[in-house]
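Quick heads-up: structures coming right below.
Both complexes shown next keep chain A, but they swap its partner, so chain B is in the first and chain C is in the second.
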Partner chain A sequence: MWKYLVKRFLLMFPTLLGVALLTFVLIRVIPGDVVELRYAGDRGSVSQDVLEKERARFGLDQPLWRQFATWVLGVARLDFGESMWTGAPIWQEIRLRFALSLQVAIMATLVAVVLAIPLGVLAALKQDSWIDYAVRIFSIAGLATPSFWLGIVFILLLLVVFHWLPPMIYTPFWVSPWENLKQLIWPALAVGYRYSAVATRMTRSAMLEVLREDYIRTARAKGLVQRLILARHALKNAMLPVLTVVALEFAFLIGGLVVTEQVFNLNGLGLLFVQAVAHRDYTLIQALVMLVAGVFIVVNFLMDIGYAWIDPRIRYR
Partner chain B sequence: MGSLLDVVDLQTQFVTRGGVVRAVDGVSWDVAEGETVALVGESGCGKSVSALSIMRLVAAPAGRVVGGRILFKGRDLLQLDEESMRRVRGSEIAMIFQEPMTSLNPVLTIGRQITEGLETHLGMAPTAARARAAELLSMVGIPDPARRLPQYPHQFSGGMRQRMMIAMALACEPALVLADEPTTALDVTIQAQILELMKSLSRRLGVAMLMITHNLGIVARYADRVNVMYAGKIIERGTAREIYATPRHPYTLGLLRSVPRLDEPRRARLDPIEGQPPDLTRLPGGCAFAPRCAFRVERCAVETPPLRPIGAPGHVTACWEAERLTAVREPVGGRR
Partner chain C sequence: MAIARVPVPEAVEAAPPGAVARWLAATREFCRARTLGAVGAAVIVVMFAVALLAPVLAAYDPEAVDFGAMLARPSLAHWLGTDSFGRDVLSRLIFGSRTALMVGFGASVLGATLGAILGVGSAYFGGRVDLYLQRVMDVFLSFPLIVLALALVAILGNSIPNLIMAIMVPMIPRSALVIRSSALAIREMPFVDAARAAGFGHARIVLRHMLPNVMAPYLIMLTAFLGQAILAEASLSFLGLGVQEPTAAWGLMLRGAAVEFAETAPWMAIFPGLAISLSVFAFNLFGDSLRDALDPRLRTQ
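Presenting the complex of A and B:
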């Protein structure tokens, strides 16, 4: 068990380094850099000399390997440097947005799990009944509905029916939980619905598979009550694939909610990402990618712990 | 000896795309208290479905018991509501399955899988149940039970797992255990150990047993009486000794010849019965075994032979030509 987890833990570092290298190279492949873009408005009127000086200020005149080394060594000390566009420290740029994105992702996950597990189990138990069809329609609709569109519908409904709009200004949870939730519950629901659709389908199919297993028949032959068979014997086994889907989806939500953030006027990581790329703000893009990759990797690690916790065959390897 | 289980004209069918599979087709047999009865036949003849029908665990909605009665201690199990039937399972009738590798839940400890039955049926407190589980493990020959209880199935060999299945089955002291090919998936050396264990435990605890197997060789040693099954029907029944010494159905004879025999170690090859069992969705008229039978006469293809007494009391066969089988227990006879 410990060997397994330590191995998984150590594996996180080379993975992150790989991501760092890949990001570093890829964003430099996109034509144009931050200096060019900043002075693009004054094309021609700015001398080549000034541009070179600006580049030197950001260290862009250095050989690539040196730029990379400087950056990675900084990251290792958790120093991401400053934004090339605004000049503000990266951490300051990201902090609140990350808190917001993380919170929306966590809330959406809660929404998804709370919907998906009962619905998926129910659908599996009543396979091919009207309940099953209802659940399947509900989840297919969830897959087909863009979250931002659902968000717009929410806003319109709130406005038309309750003559109320969610707050437009972000209040951190630790400042006022109530104000915070009033704003974030809606995007969490909008995103959580689609998310739950994925998880519901996975729960349903995993349950259907598990319910056909020999050990379920054994449990029945023991005369256990249905509730115990489901909760103890079936669900625990069915949770493995569900855990995977939930974890991967969660990691995606951290940086992937560009349009939904716009709809709810949220300053999350998604929008920042788009802006950073538009500005060729290398340091910011790199930091964001590292952050999202970090979340991804940490979530994966937690998933591995979850696996080991559920399945003794992994734990004892 | 009173009858513990009386299966009367049991019919179980599966509705499939290929048609209705008559897996168990009007079968009657019984088990007395404390007795070990064997149910023998080739793969696919309806043995497992018979046992599952008694437990009422045939996979619905495709599978359904469509007729007959299953009288257990005088009550018809088929008439019980689901909750009463649940109380019978595991506490009065227990079942052991063929596949020890897949029949135990991989994510639950052995202790948990034994104690849950005790807690459910006997209302035992967790500590008492754990003590009893340890007792059961040592009863089935698993050393150091206290250390074993918190372990998981994958930490045990197939033979050990089958011992645990036995411990689970006996946990609530049922009156009847249905053992569905409990040793088929195991190594030959382990098979004998497990069978001996089951035999001695059933004697000691006075548990009746339905021993399902496709190996008639096992039967002679471990069963009191034998039901031979073919294509969803019982085609011969008698005491183990009778069946072994004087089989009165060509199919039984064939089964006996396909068993490796310890007293003839150098026999060049075993004789499996030629041909395939019939398709259970469209059984022909007459005797289902006729197409594969060396004793076949014209009548066999037209008239289905009923079970009729022959020889010793209690010995019945469903063969028109049973009398011709008298002295052909050993080689050649009319085959080939």
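Presenting the complex of A and C:
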């Protein structure tokens, strides 16, 4: 058990380093750099000398390996540097947006779990009945509907039916919870529907598998009521794979809401990432990717620990 | 497994007789037992027909601007209305199916196939090769699909082949992961040892003996990727980073004016979204039934 955990823990670091290296190389392959873009407006009037000096200020004149080493050593001390475009410290750029993206991700997770578990269990219990078909169609439709389009449809419906638009300016939760929720519930619903579809399908198939196990038959044979069989025996064992997809989707949501944020005019991490790529803001892109991938890798690790903790069969392997 | 190492070379490569008849029978059985899947397949067939016959079916040139008919409501002349340039929405939807299918199939077939080869190779060679390949896959898996695709489009530029590339790359590790776990079981089968004993090369064993045996998970991945690829293309185009104007593409049709004029001209925002949802829905429906049909563990008892 301990050996396994330590091994899993240590394996996170090569992956993180790989992510760092890949990001570092990828964004430098994108044509153009931040200096060139900043002075693109007055092309010709700025001498090559000034451009070189600017590049030197960001350390872009250094050999690539040294740039990489400087950056990685900084990250190891949790120092992500300053944005190349605005000059503000990265943490200051990211903080509020991270809070926003995190909140939408949490709300979407709640929507997904509340929908998915009852629907998935119901569909599994009534396999191949009309209920099962309805749930499956509902969830396959969820996978098929682009969340950004669903967002547009929500806005349209609110406008046509209630003549009301959700606020387009972000209010932090701690300033006014009501204003905040009025804005963020819509993207959370739009994203949550797709997300619930993934979880519903996993709940259904996990339940189907568990319901066929011998211990369920035993529980039935000894006369246990259906409710207890489901709660104590079936659900408990079927929840592992469901928890996994929910956690992994959650990790992806934090950085993966690029398009939905655009529709709802939310200044979250996704939008920040698109802007950072457009500006070739190397330090900001690197920090964002490390944050998003880091969350994913850590969630993955925590899932593995959780597995070992919940399922004794893994613990003794 | 170690006891069963009996070479059975003649059963390895010969194609079974009456393969066509068997396929036909299997197809008939699929339609009968999996109605939902058959409905999905029917929608896919219609979609293909629409894409192939686009110039015949579309009443207007999808790129023709008509300032006399800007933002026209749905009418007999324009069944689904026109957009802010007076372009016929239905004609653009019809031609957009070509873009969706091209990018969808291109990205998912390439991504699933390359992933399958890597996955099978990784399982076959095992040891250090497997370990290193897994670590590289882990790195790629840590990026959300859309983030990696975004970065790749920024590097490659946004022509259609480049879009296919950008959407394909994040799919490779996802396919490799699934295929590898199936291939691990197949590697232990006696026929692989038999092939090795017969002196076949690694490439031949991987490509001709192991790859055909992971067909079931491969097809399941492929149909799932198809829908995802169409959604990814729509998302990128919506952000303005995918297909460029004036080419007809569903995601692109939702961009800009469609949102601005959503209240006065809702047809611009509604129909392209319905087209995306319906096609991805059909692919998922079909893929799901295919999975149920191919995976005996999930059959109703």
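Here is the rule we go by: the second predicted complex is superposed on the first by the 297 of 317 C-alpha atoms of A that agree within 3 Å, B and C clash if a C-alpha of one lies under 4 Å from a C-alpha of the other, contacts with A are read in each partner's own complex, and residues count from 1 in each chain.
Just so we're on the same page, contacts are C-beta pairs under 8 Å (C-beta built on N, C-alpha and C of every residue); 3 or more make two chains touch, one makes a residue touch a chain.
Keep in mind that this is a model prediction, so the values were computed, not measured.
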Room on chain A for both chain B and chain C (clash or fit): fit
First, second, both or neither for A:274, with chain B first and chain C second: second
Angle, in degrees and to the nearest 10, that opens at chain A between the C-alpha centres of chain B and chain C: 70
Contacts of A:310 with chain B and chain C, given as first, second, both or neither: first
Chain B versus chain C as contact partner of A:262, first or second or both or neither: second
Which superposed partner A:221 touches (first chain B, second chain C, both, neither): first
Comparison of chain B and chain C by chain A residues contacted: C
Partner chain(s) touched by A:144 [first = chain B, second = chain C, both, neither]: second
Which of chain B and chain C A:237 touches, first, second, both or neither: first
First (chain B), second (chain C), both or neither touched by A:209: second
Closest approach of chain C to chain B (Cα atoms, Å): 7
Residues of chain A contacting chain B in one complex and chain C in the other: none
Contact set on chain A toward chain B in their complex: 213-215, 217-225, 228, 232-233, 236-237, 310-313, 316
Complex contacts: residues of chain A adjacent to chain C: 11, 14-15, 18-19, 22, 26-27, 29-31, 127-128, 133, 136-137, 140-141, 143-146, 148-150, 152-153, 155-156, 159-160, 205, 208-209, 212, 252, 255-256, 258-259, 262-263, 273-274, 277, 289, 292-293, 296-297
Residues of chain B that touch chain A when the two form their complex: 55, 57, 86-91, 94-95, 97, 99, 102-108, 112, 116-117, 120-121, 152, 154-155, 165, 168
Interfacial residue positions of chain C with respect to chain A in the complex: 36, 135-136, 138-140, 142-147, 150-152, 154-155, 227, 231, 234-235, 238-239, 241, 251, 254, 258-259, 262-263, 266, 269-270, 272-273, 276-281, 284-285, 288, 297-298, 300-301
